[in-house]
Each structure stands twice: as structure tokens, then as C-alpha cells.
Amino acid sequence: MDLDNYSNIKSPIHSWDARWKCITFFGYILISAFVNNFYNLIVIAAASTLLVFFAGLPIRKVLKSLKPLFILLLFMVPVISLTPTGDAIFSYGVIKVYRDGLITAGIISVRAFSIVLATIVLFGSTRINIIIKALEFFKIPPVISTIFLFTYRYIFLYIENLNKLLTSAKLRGYRLLRGIRHIRNTVSILVSLLIRSYEQSERVYYAMRLRGFSGSFRSIGSFSFKWPDIVKTGIFVILFTVIIWIELL
Amino acid sequence: MSSQIVLKVNKLCFSYPDKKNVLTDISFEMNGGERIALIGPNGSGKTTLFLLLCGILSPASGGIAVNGKDIKPNQFNTDISYMFQSPDDQLFTATVFDDVAFGPINEGLPEGEVKDRVKSALERVKCHELIDKSPHHLSGGEKRMVALATILSMHPEIMLLDEPTSDLDLLNRRNIITLFASLQKTMIISSHDLEFLLETCNRALIIDNGKIVEDGNIVDLLSDEGLMKSHHMEKPHSLYPHTHKRAIPGAPRDH
Amino acid sequence: MHISDGILDPKICIGGYVLAACLVGIALKKVKQEDITKVSVVGAAFFVSSLIHFKVGFSSVHLTLIGLVGIVLGVHSSLAIITGLFFQAVMFNHGGLSTLGVNSVLFSVPALIVYGIFDMVFKRIMNHTVLGVIAGILAGGAVLLAILCVMFILYFSGEELRGFAYLFSISNGVLALVEGIVTAIAIMQILNVKPQMLQSYRQQVK
């Protein structure tokens, strides 16, 4: 969950210039969403797995990040393959598994895995502030990048705050509540978190103004790309071309 | 250390929309290099005074001048800087470097100088190894020290510090006392840690109910038991010679 | 209650991004310097609040809080929503980067509608309980609207997805009810403790 933990690993993915890496990965994610061909599905599944391998991210952590997707697919695949469309390929009493549904479910699963793996690799191999700086290079409005940066910073603070509030509530019997009283007490916790954040946002604004904030966050340091960056992006450009070519055939 | 007047506060008054007379008729002057302890009970107006001094709030009446120049509210001013009570208000970016560099970058300094300032500020607070960390990975004490570095990197002439020792362990508290002693800066420090103020400051302002009630030598003021009690404070233990005050009567003496 | 990666046609994904960019563009025109910290810091708190589980019978639900975000942040809510969904996708792998645009639109539009209606009501009604109940109904309606849109998109994405579309709407129907109750209570509490938090209140004071 904490995106910064794996950014110090040394790997060809980690050393990739953030601008080239971002544009390549975003391209890869969009193209993966577009794949339908059987061979292409194998290609993107393999490519994403290789990315994880090259980035040297701990496998256990990657599997843990895939958990929400597993759970969703566990629910989605049966539902889609049981939806009556075209021919049934398997039946047991009233339950029928349909061919089209099964294929769609398979396509969706492979696409989703490839995209989520790519997302995990991108954000596991680059610090969030570097990614945001790279996005600024691609002209996303500075207000947006500033909001992204500050939100990221305060998410962690509020997770900590929320845990403290929940602990103190549990010590006073919060767990035993049921029904509307449970909801009311949970809402109180939520509201106190929101009010604290509102008050803090005012102080943070003062603190920023005192240090010369003028509407957007400026940072120093510049990107530099070397020939391996071009090679890495080049490999993906070839991959994209092949995928699109196969899809169009 | 210069002894000319660097800060002049003249008949300052302030009210919040929902709270009248938070501060009334605050006047004092400060010489260069002087360190003032701002003490008073909770809600006496210390933080409000700080916010006025650094130009965040604008006074209802009265004026503040730094080196003869009036402080205008809402203007970026590097002469005077304020460290918030909570370091989480002070550290708002994704890395320690970005946070300490925030002020110098906004001053428009060239890149090389920004880096030098960040380096020397972090070295001053002995936190240079944290430069690439994210603020949310720091401990409470580290956050406090980095927050201090974000102020130091701007080279302010006057530093306003709100409860600087509140989340420090004894070692870091000692480090901060040593650091303050080595800084040639004018400071106003507000704290409930009176022993810390005794070691750091030479003058004290006692503020209660929005008014300055006493202004004088810190040891003289803090050792006046009656005065301290009347403003809901206690005379610091170190000012009781040869006695060991015990909170619980009858508790065993250990020497 | 997000659409995940892999389900949608890329045309819809790109269309979603275009619409989201328009919404962000509108919000950016109205954003002032002091709003930046408000949107980010309060937005972060909303993000974290949506991690709270609510027990409903035997199961538990995560809130979206779209109605409450709309009422608190007003016209800026789309900025907080897109940021929140971005971090939800990259930190928790809920939703996804390819569907970020679509999901942002599906959450922002109901949030903005809730704000618009609540703002009109706020000028006429003073009673905190009544305002809370109205906010609750609006928030529940906002979630229903988002669910309907998701169902609509899934339904027309392919014949095979229709069964999933129905189940999705039914399983999220409970969420609308819980969101309504939660928002009603939250607005009553905020009105009592810190009315300045509400965009409509701030504008009225000005």
C-alpha cells in the first residue's frame, strides 16, 4: 500500500527515466484494454509478468496487491459465464455455462491482470513525487499536480488518525454496537476526521503562504534520459505495433 | 549580536468574528539576538499573537514593524518566520528535500543555492540522512527537527516558535537547546516547558486573557511564585534551591 | 463501487478521460489559491473515510461519500474525486487507471448535482434536521444515479455482461441506503459543530 517502499530497488525498470516510463506504461495500459485476440492476450500477460520480474518487486507484495482483483473476478467470472448468450458448452441441471460468456470472462480477466500488474510495477518502481513531476512535464495543470502531491501526503496522516480514533472508540465499546447506534457512532468518527482535516487545511495553507506559496508547487531537479531509456521505450513501441497489427488482421 | 531594535509591536488589538478581544493593546520591542519566552495559560492568545506577527492575520488596530518596515498581512516575508505547533502542518510535500527547499525555491533562489541551503539546514538539525525520506515515514521527533529545518533554510532574522519541544524526547530536547544556543537569531518561543525556556531565553512575556501582564527578566518572573500562581502556572522546580518538591505527599524520598 | 480495469471498451475509457478533463477544466477555472489545500487535505480525509467499513446485516460496505464530498467541496469536488480515485487505483488497486476517467465522471456528476440542489435548499431552510434529511435523500439518490449509469454502461458493453450489470446494481442498492443515512447524520453533525465546512455556508457568509 505504501508506494515508496520499493522505490530503492536497483532494476532496469527502476532506472528508466520517469517521463519515458510513464508515457510507455500509460500507452501499454490503454493498449491492453483494447486487446481481444487470443495471441495478443498471451503477449500482454507475458509482458506484464516479465515487467514484475525485471522490476524485482517482492512477489508476495505483488500477490497481495492483486487480492482485490482476485476477489472481483471470483464473483464476476461465474456471473458472466452463466449469463445466457449463444451456445452452452456445459450444463448441469439448470446451470448452463455459455461459450461466449466464458470467452468474455477470460478476456476481461487477462486484460485486468495485465493492467493491474503494469500499474503495480509503475508505482512500485517510481516515487510518486517523481511520477507527478513527469506528468507535469506532459503539461498536466500545476494545480492538479499540487493537489495530487498534498493529498498523498495527508492520506497517510489521516490513516494514522483514523486508526487512533477507532482504537479509542473500541476501548469504549464501539464494537458491541449494532444497528443505527453503530452507524451514528461511526459517522461521529468520520465527521471528527473531516473536521480535523478542514481545520488542518487552513493551517497548512498558512504554513505554505509563509514560505511563499503562490498557487503551485515548484520543485528543482531535472530529468535526464540516456540511451537505455530509448531502448526500453523502443521495445514497447515495437510491442504496441505488433499487438495493433495482430488485432487488425 | 546587534542590540538595535528589530521588532516593534505597537498597541496591537485583534478579535475573531466569533470571539472578541482575543488580544488587546499588545506592545513590546525586541533587540536583535534577544530571545523572548512567551508564556501563559492555554487560550491566552499566544498562537494568535504569532499569527499576527508573521502577517497571516491582520490586526484590528495597531502595528508591527520589523527593522523599521511595517509588516503587511498576506505578503511573503523572509525576515520573520513561524514554526507551527504541529509539524504535520509544516511538512506538506512528498519528501524532506522538497519541504526544506520549498521556501528558498519560492524566494526565487538559483538551484545551486537552494541545494546548499537545504543541506546546511538539515545538517544544523542533524537530520541530513533523512533528505530523501517522506514526511510520513518520520518519527515525531524527526518531524519536529525537519520542520525546524524548513524555517532555517529561509535564513529568517526573527523566528517564532510555537511549542518547539512538545513531541521531543530528552535527547532531542537537549539537541534543540544546544542548537538554539548556537543560532545567532532573534526568537520568540512559546512553550509550557518552562525549564526549557529558562535555558534558552533571557526575557519573558507573560500573557493572560489577551494582555501582556508582565515583561522582564525570565528568572525574575518565573521565580515569583505568587505571580505564576495568579496566572495558572507553576514556578519551575529548578528555581527552588535544594528542595525536591514531590507531587504526592508522603512518597518516599530517594535521597 | 468502481468499474475495474479490463471490462470496458477502450473507446469508453478514452471518452471517460475526455469528459473528466472537461469537468476538471471547469473546476480549475473556479479554484482559488486557498482552495488547493482545502481540496487536497479534506480530499485526503474523504479518501480515508471511505476505507471505514459499515456493518449492514451480515456483510459490510465501503462508502463512496459522493454526496458528502459534493456538499462540502462544492464545485471543486471533481478535483478531489479524481485525485481520490487515482490513489485508490494505485494504492489499493480498486478501480483502475484505464477506467479512471469513466469512474471520475460517474462520481463527479452526481456529486455536483447534489451540491447544486443542496445549495438551493440551504438558502431557504435553516432547520438542521430538515437539511440533514434532504442531504441524505440527495446522497442516496446520487449513489443510485451512479449505479444506474454503471449498469447502463455495462449493459451496453456486451450481451454477456448483462447478468453482471443486474447483480452489480442489486448488490450496490444497499449502499445507496447506507450512504443516505450516513450523509444525513454527518450533515446534521457538521451543521452543529463546524458549518464553515459546507461550501454553501461559506458562500452565504461572504
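When the chains are written out, they are named A, B and C in that same order, and each has its own residue count from 1.
What we mean here is this: a contact is a pair of C-beta atoms (placed from the backbone, for glycine too) under 8 Å apart; a residue touches a chain by one contact, two chains touch by 3 or more.
Remember, it's a predicted structure, so these values are computed and weren't measured experimentally.
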What kind of graph do the touching chains make: line, ring, star, complete, other?
-> line
Farthest chain (mean CA position) relative to chain A | B
Could you state the distance in Å from the CA-based centre of chain B to that of chain C?
-> 41
Whole-Å distance, chain A centre to chain C centre, using C-alpha means?
-> 19
Where chain C touches two or more other chains at once, by residue number = 37
Among the residues of chain B, which ones contact at least 2 other chains?
-> 92
Send over the residues of chain A in touch with two or more other chains.
-> 149-150, 152-154, 157, 200, 204, 208, 213-214
Touching chain C in the complex, chain A uses residues 1, 3, 26, 29-30, 32-34, 65-69, 72, 76, 79-85, 98, 100-101, 104-105, 107-116, 119-120, 123, 141, 143-144, 146-155, 157-159, 161-162, 178, 180, 182-184, 186-191, 193-202, 204-205, 208, 213-215
Mind listing the chain A positions that touch chain B in their complex?
-> 4, 127-129, 132, 149-150, 152-154, 156-157, 200, 203-204, 206-214, 217-220
Using the touch definition up top, name the residues of chain C that touch chain A in the complex.
-> 4-8, 10, 13-14, 24, 28, 31, 33-34, 36-49, 51-52, 54-55, 72, 79-80, 83-84, 86-87, 89-94, 96-98, 158-164, 167, 178, 181-182, 185-186, 189-190, 193-194, 196-197
Within the complex, chain A is touched by chain B residues 51, 54-56, 74, 76, 78, 81-82, 84, 86, 88-95, 98, 101-103, 105-107, 111, 114-115, 134-137, 150, 154
